[in-house]
Each structure stands twice: as C-alpha cells, then as structure tokens.
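Presented sequentially are two complexes of chain A, the first with chain B as partner and the second with chain C.
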Partner chain A sequence: MGIIRGQRSTTRLASLWRAYGTELVLLGAIGGVLILFSRFAPGMLTSNNLVTILRQMSFIAIAALGTTFIIISGRIDLSIGSTITVASTTMALLVTRHGVPSGVALVLPLLIGMTVGMANGFLTTKARVTPVIATLGMLVALDGAAKLIVGGETINGLPKVVTYLGSSKLGPVPVSVFVMLLVWFGVEFTLRKTSFGRYCYHIGSNEQAALLNGIAVDRYVTWFFMVAGALSGLAALILVGRLRSANVNIGVGLELQAIAVVVIGGGSLFGGKGTATGTVLAVALMAVINSGMRLSSINVYWQTAVTGALIVVAVSIDAMRRRRDRS
Partner chain B sequence: MISGRSPKGDKRANQRAGALLQSLVRRGQLIWLMVAVAVVAMSLISPHFLTVENLFTNVLRQSAVIGIVSVGMTLVIATRGFDLSVGSNIALSSSIMALLLTESGATVLEGVLVALAIGAAIGLTNGVLVAKVRVPPFIATLGMLSIARGFALVFAGTTPVDLLPQSLLDLGRGKVGFLPIPVLLLAGTWLVAAYLLKHTRFGRYALAIGSNEEGARLSGIKVDSYKIAHYLVLGVLAAAAGVVLTGRLGAAQATMAVGLEFQAIAAVVVGGTSLFGGEAKLGGSVGGAILVGVLRNGLLLRSVDTNWINIIIGVAMVASVAFDGLRRFRRKGLS
Partner chain C sequence: METAPLLEALRIVKNYPGVLALDKVEFSLERGEIHALLGENGAGKSTLVKILTGAEQPDEGEVLIDGDVVDISTPRKAQENGVAVIHQDVSLGLVPQLSVGENIFLGREPKCWPARIDWVALYSQAEEFLQRLKFNPEFLREPVGSLSLGEQQVVAVAKALSLNAQIFIMDEPTASLNSHETEVLFNTMRALSGDGVGIVYISHRLEEVLSCAHRVTVLRDGRMVGTVAVGTGVGPEEERTVAAQQSQIVRMMVGHDLAEKHPRSQPTPGPPALGLETVSGAGGRFSDVTMTVHEGETVGIYGITGCGSRELARSLFGLEPIQSGEVTILGESKSIRSPRDAISAGIAFISDDRSRDGLIGGRSVRENITAPILKSLTALGVIRSQQEVAVSRKHVSDLNIRTPTIDQLVRHLSGGNQQKVVFAKWLSSQARVFLFNEPTRGIDVAAKAEIYRLINNLKSNGAAILIVSSELPEVLGVCDRVLVMRRGSIVMELDPRATETTQARVFDIASSG
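Take a look at the complex of A and B:
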C-alpha cells in the first residue's frame, strides 16, 4: 500500500512535471536571475524597476502571444517586426498630418496587422510559398514600404487618445500591463478551451490527419496569421504610446525576439507545442535579464548574443527531447 | 489547357513558348534571360549603365561578394538546409580581422586566416547543431545570426575600423588586367564548387542528402559528417566574401552586411535552386547574384530609392519560390 502510494505520488509529480515543466523551470530561472542581479545592481528588486520591467515586456508579450499561434500550428512569421513598423508609422503619420480622427487611429494598426496577416495566409496557403520565404519577403516589402512612406524622420505630437494605452497608468500599474494580462488570458483560454485553439495544436502536430479529419487547414492557418497580425498591430499601438513617437526602426528585429520567446517558453518549431503562459514567462525572463544587464552596466551588445544563445539552447533541448521520445 | 476554345495556332504557339520556358527552367538558364532583360531595361532607363567601366568595376564587383556567398548557400540549400547567419558571420570575421590588422599589428595573411577560421567555426557550429542536435536549420542559424552579430558588436563597437593595409584593399578593389580581383575570386569559387558538385562525394552526397536524407543514410552515406562539412564550407566562403567586401569598402564594421543573407538566398532561389533540396544550380545562383547587382546598380544610377530596390528583389524571390512550389505541386498532383 505504502509502495503504491509512493509510486502514485511520483507519477503525479512526473505528470505535473510533464505538464508544467517548462513553466516551472522558467519561473525558477526568473527568480534566480532576479536574486543574482540584485547582488550586483541594488536597483534591481525595487518596485519601481519591477514596474518598468512589466511595462517593457508588455508590448513584446502581446506580439509574441500572436506568434504563439503561428508556431504551434507549425508555421513561422518573420514579418512581425516590420508589421509593427508599418502599423505604427502609418498610423502616426495619418493622425498627425492628415487629420485622421484619433478614434480611427486606434483601430488602424489592428486593421493593418490583419491585412498583412491575410496576405501572409494567402501566400502560404494558396500560392504555396513556404512560410519562411513568404514572410521574409513580406518583411522586406513592409520595411521598404515604411521607409518610402515616412522616410528617415521621427513623427511626434501624437494625440493623448492614441498614447493612452502605452503611457498611462491605473494607480501604480501601467495600462499596457493590463492589456498584456487580458491578451494573455484570452490566448490561454482560446488555446485550451475553444476549437480554434485545439485545431491549432492539431494542425501543428499532424497536418495530414487534421486535413483528413475535415479541418479546413488553409482557412485556419490564414486566421492564425491574421490573429498574429492583429496582435502585432496592438503591440504597435502600445509601443507608439510608450515612446510617444514613431519611426522606421521601431520594430526592427522584434520578430526574432517574438519567435525566440515562444520557443524558450516551450513551443516547438516542429509544431504542435507551445503555451500562452510559457511565452509570457519567457518574455519575463528576457526582460529580467535585460534589465539586470543594463543596471549592472554590462556592455548592452551582450544582450544580442545572449538572446541568440538562449534560442539555440532552448531549441537544442527541444530537439534532443524529441529524439529521446522517439527512440 | 483551360482555354479549350482558343484557336489551334495560338495554342500551339503557347505550348512551344511554354516548352521553351520549361527547358530553360530545367537547365537553370532562365536566370540569364532575366539578367539580359534586366541589363536591357537598365540601359534604357539610365544612359550611364551600359559602359564597360560600370559593368565591370561596379556591377560585377558588387555582385561578386553576394555571388561567393550564394555559391556556398547553394550547396547548403541543396542538402535541404538553410543559413541565415552569413551576414553576421561576415560582420564578426571581418571586424576581428580588421582589429587584428590595425591594433595588434598582424600581417594581412594572418588576419585573413583568422577571418576564415572564424567563418569555419561558425559554419561548424551551425553544422553540428543541424546535423547532430537536429535543430531545424532555420532556427539554428537564426540563433547564430544573433550570437555572431552580438559578439561583433561587443568586440568592435559600432565605429568602423579603417586604415587597413593596401594589400587587403587590393582584394576588394584591385584588378588583374581588366578583371577586378573579386570577379576572379567569384569565378574561381564557382569553378571549384562546380567541380566538387559534379565529381566528388562532397558534392554528389549533398544532392543525395537533399533529395532523400533517409535513403542516403540507409545507403551508408555518413549524412551527418557531410552536412557539417557543407555548413563549414559555407561559413568559410562567407568569411572570404567578407574579406573581399572589407577590401572594397576600405573598412570593417560590426554593423556591416546586415540583410546580406536575404540577398544571397534571393540569388539562389531566383537562380532556380529549389528550397526543397536535391538540386543545385550554381550557374543560376551566380546569375541570381548578378541579377541582384544589375538591378541594384541600374536603379541606383536612376536614383531609385534603395527601398524600392529591396522590395523588387523581395517580390522576385517570393515569386520564384511560389513558382517552384506550384511546379512541384503540379508534378506531384497532391499537397
């Protein structure tokens, strides 16, 4: 009896580990990094700095939550950063120079994002371009378009309504953090409890089976790209609000960060794996590392290298785990 | 096929044109037609384009850097691989070389060897990650892109390292007779790679692995070692292209060659090599690099915004891949 109970508790632990292992490791890592850096940088654990970290992670978390759908369904989207650039600059330009009302300007980034997502979906499902190339082409096209529209200038003087999401606070907590929490719960719910989310995993883990089961794979994949695009638009709105300005470099490289955190958060580039919570915790980990490195005045360029190394390590672990499971 | 009602003559002419196009595509020579069209178009829009001086010293010299990278990229894409880290590879290897030359008093030969060694190390790491650890090539090299760029920035900061010795500058600017040295280097790389591809295991196995990796493994090919070798060669070639680029620009910088991977992949893909592996059209890739160079130079002479040029190249790349995907789709008849 005792033996059985012992076994049962270990299996329960094992299943808990299997279900939430990545999340637990990430939480541990976040705690570890916080404690480690607080020894070198006394400003690390102040409530001020923690709020700053939350605010800095909010927009990237929102973009990454959109990317989570894409990665789970076994696709990839390299156009996230340039979508953010185009959405922010176009919106800022229209609202400051062409008298577009602020109410419209709030919806505009979302619409631009969805349009880009629709184009990505069309290219990958109907024109059958591999997602890497389709979205890489989209990246170049959108970056070029933004530069043609705005040129090298920085657009300032945005109305308060537009910057509200990015720079206002409710009590001590920035509004953008609430938006992030909302999106997080929304995506978590969608992935766990709706057919939209279940199909995402289904398509990612076995596309042929999904097709044979009558799931309209092409239509869902297009929707995933559109959701990712829309959330990039929302991220753009928050980013513009926080900076109170927009320029053509605003979104450079964000796609890599977004993909990186989804993978570090337990997503697999082979599709079929990934969670909203894992993604958000991975964003938090990166934000804590960045903050710590900045506060302890380590050369900022190490961050680029560290991000790359984290991607490689996370994916290597995923790949090795898959091989072990198979053999 | 769909237009069943069209007159017979039209149909036959269409078929003949289609067959010609298909045979060009099959032999990987469509790209030269595109280069010719681009050259004609560019000389029509700009009077300064079609001069011997411009074609040789500008267009070909500029194409050579991307050309050298795209030859290596063709090998890796033939194995159904991919490498996004070549631009960062150039930045890291070239800026360390430049630092050694200007601050540590290394000779040019030592500097170049160190650059090539760094390229080899990056290629080796990519290869091991892809072949042994089984990380998808796209993400392994994406990580390497960040790592190498980060290291380049840490070591060299953002200021350009110039005042390089003349013999290094010659690698990018010099001429032998009327031929620029970069063009000769590209030609040499092309010839050697073509020989390797046709007549050695290194090349034949690249195609075998790309068309059926499991089959290659079951036939006793040491798939992993060969894949690592292919990535390693690409790493070395990228570093070599970086040396040439540094010579041409007269300086190395940690922010150099951003987005070069995109141009190299575009050259390979527009040149007719399939991203699905098992094919290597070296001539097509070189042609693709020249096409990119022709467009860039001609449109710049006409003072077209660089961004439009990038958009055009991007569209050409996506269109080629869509074309390739549809071709395969039709051949297989299923998804």
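Take a look at the complex of A and C:
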C-alpha cells in the first residue's frame, strides 16, 4: 500500500512532540526563566514569591480559559476586559450601596458576564456582525456603561463573603489558585472529552464542514461567548476580592492579555487550535517573567514589550505551521 | 543524425524521506506532440511535474531541452527555458477583473512614450495569440472573470505563449471543466501541437487522454511502467482498438485487471424514498423538478456545468433555499431549511468540494468519521471514547481506508481515501437517502472503482441514491436510471442499459438548445 509507505513512521517521541510540543516548550521556558532570574533576584524561588505568582496568575488565567473557546472556534472577543469592569463595579455598587445580599452578589458577576456573552453571540450569529466589530462595540459600550454607573470613584467596604475567593487562603495557598485549577481542569476536560469541546475545534477548523455535519454552529458559537462571559465574571469576582475594591479601570486591557496568552499557548487566530493547558502555561510564563523583572528592578514597561515580542513569536510560529501544512 | 527531442528527462531519481518517489524515470517529448502522463495518486506524476517545472530538484538524472542539458533549478529558470505550467486552478495566474488582453500581457504591457500603455498594440498582439489558439477573439476585451473556466484555461495558455513557451505542462487542466469546456481546451491543445509546441498532459480521465494524446506514459509506484502510442482516430473500426488500449492502460496503471470499471449491481427498487414535486430553487437555478428515487435504486442526474443539478442537490440538503414545491422523504413531506433538517430527515450529502464542505482536514480520521453522530456516542455530553474508536475502526476496515492509524489527520490522506472518509461518516449516520455531488472528482481509477462498489453496497442495503455528475461514463455506468438536466429543468429520462443510450447522445441532449 503505497499510501502508508509514503508516510514517515512516527516514533512515540515524535507523536508526543506533535501533540504536546507547545506545552513542552512553555514548560521549558518557565523553568529557564525561573533559573535565569533566580541568579539576579534572590527572592525569585522563595515559596512566598511562588505563591504570589500563582495568585497573580489566577484571575487572568480564568478569563483566558474562557477566551480559549473563542479563539479555538475562530472568533475573537474584545469585550472581556470591559465585561470584567462592568461585572466588578456593578456588583460592588449593589452590594455596598443598595443592600443586595452577599450571596446574590457572588453570582451576579457570572450572570452579567453570561448576559454580555449572549449579546455578543446574538450580534455575531443573528445580526451577522463580524466578531471583531461586534465585541469592539461591546467593549466601548460597556466601558461607557461602567463610567455612567460608578463614575470616577473607587468602591470599598466589600463584605467578607464577596472577597473570600480573591483574598483568602487555604493553608499557604490562596483560594483563587484552587478556583483556577478547577476551571483549568474543567476546560481541559470539556475541550478533550466532550462533544461541546469537539465541536469547538470543528467549527474553528472548518465551519462549513461542521455545518454540513449537522452541528448547530450558531447555537454553539453563542454558547462559547457565554462561557467566555461567565468566566470573565468569575475572574472579576476574584479580582475584586483581591483588591477589595472596584473602579472603572479595573479591567482595562485584560482582553488583549487574555487573547495574547491563548495565542502564546498554541492557539491560532485562524481557529481550530489551542488548549487549556497551553493557555495556563502561557499565563504562568508571563507571570514568571513579570515577577522576575520586578524583583530585578527592571522598568515595568519592559513587561509590555516582552509580552508583545512573545505574541509576535507565537503568531509567526502559527503562520509557519500553516504554510507547512498547506504544502 | 536524428534530431533531439524537444524535452528529455533521463534516469530521474527522486527520494523523499521514507519513499522513493521516482526511480530512474525516463520521459521524452517531441515537437508537436501531446504526451499524456498517467498514474494513480502517489505514482510519481506530480513529482515529475515538479522537477520539470523547477519546483523540485532531482537527486539523480538530468533534463535536456533540444538535446542540451539545461538548468531548471527554479520555476523562473524553467520559464526562461520555455517551460510553462497550466494548473488546474487557473485563478492562480489570472486577474478576473482585467480583460483577456490585459491578462495576457499583465506586467509586460506594450508602452508608448513615456509610460502610457499602448492599448492598440496590446489588443492586436493579444488577438494574434488568440487566433493561433483558434479562440474566439470576441472575448478579447471581456473581463476574464466573465469567462467559463475552460476559456480561462485558454487565456492562461495564451499568456504562456506570449512568454515564448515551447513546452506546456498541463496538470489536470480539465478536472473542474465540463465536457464542453474540455472540448474548447482540447481544440487549443490541437492548435498548439500543430504549431510544433510540445504538451505534457496529466489527467485522471482516461477517455480524454485517449481522445487527444499521441503517446501515453504510465507511472506506477515511482517507476515507469511503459509508454504506448495511442490512435487518435475516431473511425468505427478504431472503436475496438480504443477500448483495447483503454483496458491495457488501466492494467498498466493499477497493476491488475479491474473486472469492470463501472460495475452496476442489479437494482432492487422498493418504495419511494425521495420524492420531488415541482420543486424550484431560488433565483431560478432549477425549476419544476419532479422526480422519485426508490429505495434500492441509483438515479443519476447528468448535465453540463450550470444546468442546476448541483444546486438541486445542495438545496435538498438545506444548503440553498427551495422556493416552491414539495419534498417527500420516506413518505413524509419535509421542509428542509438547513443541513440539520436534512440529516434528521435521513439524508446524507457528499459535496463536490471535499476539502471545503466534506472534511475537517486538520482533524483526525476518527473525529471526521464520527462527527455527524457524535451526539449518539456521548453520555451527558462526554464522548465515550471506546465506542468512538470502535465505530471509526469498523468503518476504516469496512471501507478499506488506507491510513496508518485512526488518529491520522485527514489532510495527510490521498484524495481517494479522503473521499472514503466522507462516505464513512455518512454510513455511520444511518441515512436512507444519499445525495452525491460528483462523488469521484479528482480521485484515481482504483479508488473510483472502490467508491462505485460502496455505492452498490448502499444500494443493495436499500438506500436511495441520487448521483449528480458531469462524468458521462460514471452516470451511464453506475446508475439505474439517468435524468438529463438542461437549464434548470429535467428534459429526459434514459435507461443507461439501452443500446441507444450512448455517451454522444446523452451529451447532445444535455448541451443542445
């Protein structure tokens, strides 16, 4: 059989590399960065610092895990940051000034996030607005809404129940880290083992074929936006808890960070690629770099430059892979 | 002294990791000759083409033009040596918005001082090239995009001529052309060969090759099986020789006799499974189509490109709107507005564009096969992977899909095996009505035979099958009844077994008027 003979026999190692190459590279990079900075910054490898890194990772990882669905399905969601802002500020305002019970306040950010996601889904599937434009509009609208609701003030005095997820610890480890692990495993499982996850890859890889397979593409895309919105809400809850306050700038720029880490973690802006583990490892890499630079007293604005460079590298690798696949 | 051939490839060897793509292949092309290159997928045709056009380098051997060893290590050097390639997908080299004349001279327009395009010269020179190709010069000022695909191929040829090409390599130029367009292209090829130009012609369609080529070289598994001179005569006494040559060449290609190229099994018609009552499509692409396909029956629709048969099949699967009329599936009237409606009504659809509609190339064989039935393989949304693996293994072995594992990416399979994956996914869906749009487009002879066998199996299991095809031998060889479609209407029903149903007659009916 000529066809089989024509293929290179793939060794175990090669197939492992193909399946988990991005993750392995990211793990190596995280290790490398930790070792590198441990020479300049003595505090780098202390357990205290590692816990701080994990805590800083948690909320952005949760938001990025939601974005992972969006990127895999070949869409983009620019409204993540402002969803976090609106969810945080609205919840904080209602619970501190309007007597909304804390229990309700806990689910409020998730509901707000899901509602925003549903609106994004509706705009892109029913009104057929391209996701970039629809979610950009959403970003601006929500930003305006947050400013209308809370103006320039910072809301403090949040009850303990509300700040629990963001600021408490179980033993030495922050609760938010456990929430992140839970969401990570949940998303990993969903993407690998469920029809919901499978369809996400199929829609992102070849939407037309997915449609012809009888998949309700529009309904699933709406769900992806809603999941991304809900996880943004959860991220908002943790962020508010950690800061013990909320203001209109709380989520600024987070959407770009979320998209960046999904891409660095192996996601493709053309859809069909990305994993939960890749996303989380990319968040970890960024957190480790940031921590190392801060401890070595490097100007914080370098962090932005490094993030940018990593995005360029990730996108180039993706483009190179696509070219190779086509030939 | 004997004059050297126009093009000669000597002892070409090409290795790819793990496979010997070409093993001491010899090939020659005379002036004025149309030399067909045949072989199954993976036989080495495309590798040889890549070497002749400078896209790849041979590991051993040399290429001679007019008896001299030439350097064609890059596409550019190949072009300078008078080698031109005409691809199946002409859109690669033409700008649809520009006129035929502009396209021919794109980037090399004749200028008058200081920088103005000399339109008079451009169009008169372009007209000369079109006349050399016996092509209607009326098209000269028409935008290329308004031409048929076959006519666009001719424009591509004219453009290559204007670059002084002496050797044309045509890589499956007719793959997306209908019979009429193919004829246009063949006329062009004959005109070229009359001018002393040499043509290397690559095609899957044996009938075509025999009707236009002077010699045929067959490759198999990277080796040259042989070169045969073929008669291009059309007299009645030559019919027999053509048929004999055809089976000889098929034998050379596959290495064994295919008992029958288009095996048709006996129909066992049951109750009507698919019924259409005065069905019309949006925009008048087809109108008042009334027909029935019974269980255990294969019905073919033949028509030239644009006749509406493709749109009819797509509409029945909910991909294009149905304007009016009634569609009945297994005795129940159904309204089909989306592929989901169609699938739940028990319809399967095999598109004429595998990679766009049929397959998710970047995903595995397993995922592609189970995609339409994934929901039934889940418990609370979680995929039961053992069941999924079992289902896909079963189909891979039932359909003889050649793949190292079920986790191989579909993109890495050959065309024929990809098509079998498309079949597998609809077999798993338990559909009762199968709509096939060009089911064997772009796949090799052996894979075609396997696809026909699958169609027959479906039929004997009681499926109702509707095949839309522009390949006459296929329609006449596989179907139990043939409907001819012309300008959106069914104009005639034919019995393909009847002796008066010849390819020529069916083609006449489809293209007249």
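Here is the rule we go by: the second predicted complex is superposed on the first by the 317 of 327 C-alpha atoms of A that agree within 3 Å, B and C clash if a C-alpha of one lies under 4 Å from a C-alpha of the other, contacts with A are read in each partner's own complex, and residues count from 1 in each chain.
As a working rule, a residue touches a chain if its C-beta (ideal position, glycine included) is under 8 Å from a C-beta of that chain, and two chains touch if they have at least 3 such contacts.
None of these values were measured; they are calculated from a predicted model.
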Would you check which partner chain A:302 touches, where first means chain B only, second means chain C only, and both and neither mean what they say? first
Does the superposition put A:323 against chain B (first), chain C (second), both, or neither? first
So in the superposed three-chain picture, is A:136 touching just chain B, just chain C, both, or none of them (first/second/both/neither)? first
After superposition on the shared chain, which partner residues are touched by A:259: those of chain B (first), chain C (second), both, or neither? first
Which partner does A:214 contact after superposing on A: first (chain B), second (chain C), both, neither? second
Could you tell me if A:311 is touching chain B, chain C, both of them or neither one (first, second, both, neither)? first
Just chain B (first), just chain C (second), both, or neither: which does A:32 touch? neither
By the touch definition at the top of the document, which applies to A:193: first (chain B), second (chain C), both, or neither? second
More residues of chain A are touched by which partner: chain B or chain C? B
Kindly classify A:201 by the partners it touches after superposition: chain B alone (first), chain C alone (second), both, or neither? second
Please report the chain A residues shared by its interface with chain B and its interface with chain C. none
Would you tell me which residues of chain B are touching chain A in their complex? 82, 129, 133-136, 138-140, 142-151, 153-154, 262, 265, 269, 275, 305, 307-308, 310-311, 313-315, 317-318, 321-322, 325-326, 329
Chain A to chain C touching residues, read off their complex: 1-10, 193-196, 198-199, 201-202, 205-206, 208-216, 272-273, 325
Touching residues of chain A toward chain B in the complex: what are they? 76, 123, 127-130, 132-134, 136-141, 143-145, 147-148, 256, 259, 263, 269-270, 299, 301-309, 311-312, 315-316, 319-320, 322-323
Which bits of chain C are touching chain A when the two form their complex? 16-19, 40, 42-43, 221, 317, 319, 338-340, 342-344, 349, 351, 356-363, 367, 371-372, 374-375, 378, 381-383, 385, 402-404, 408, 411-414, 417, 425
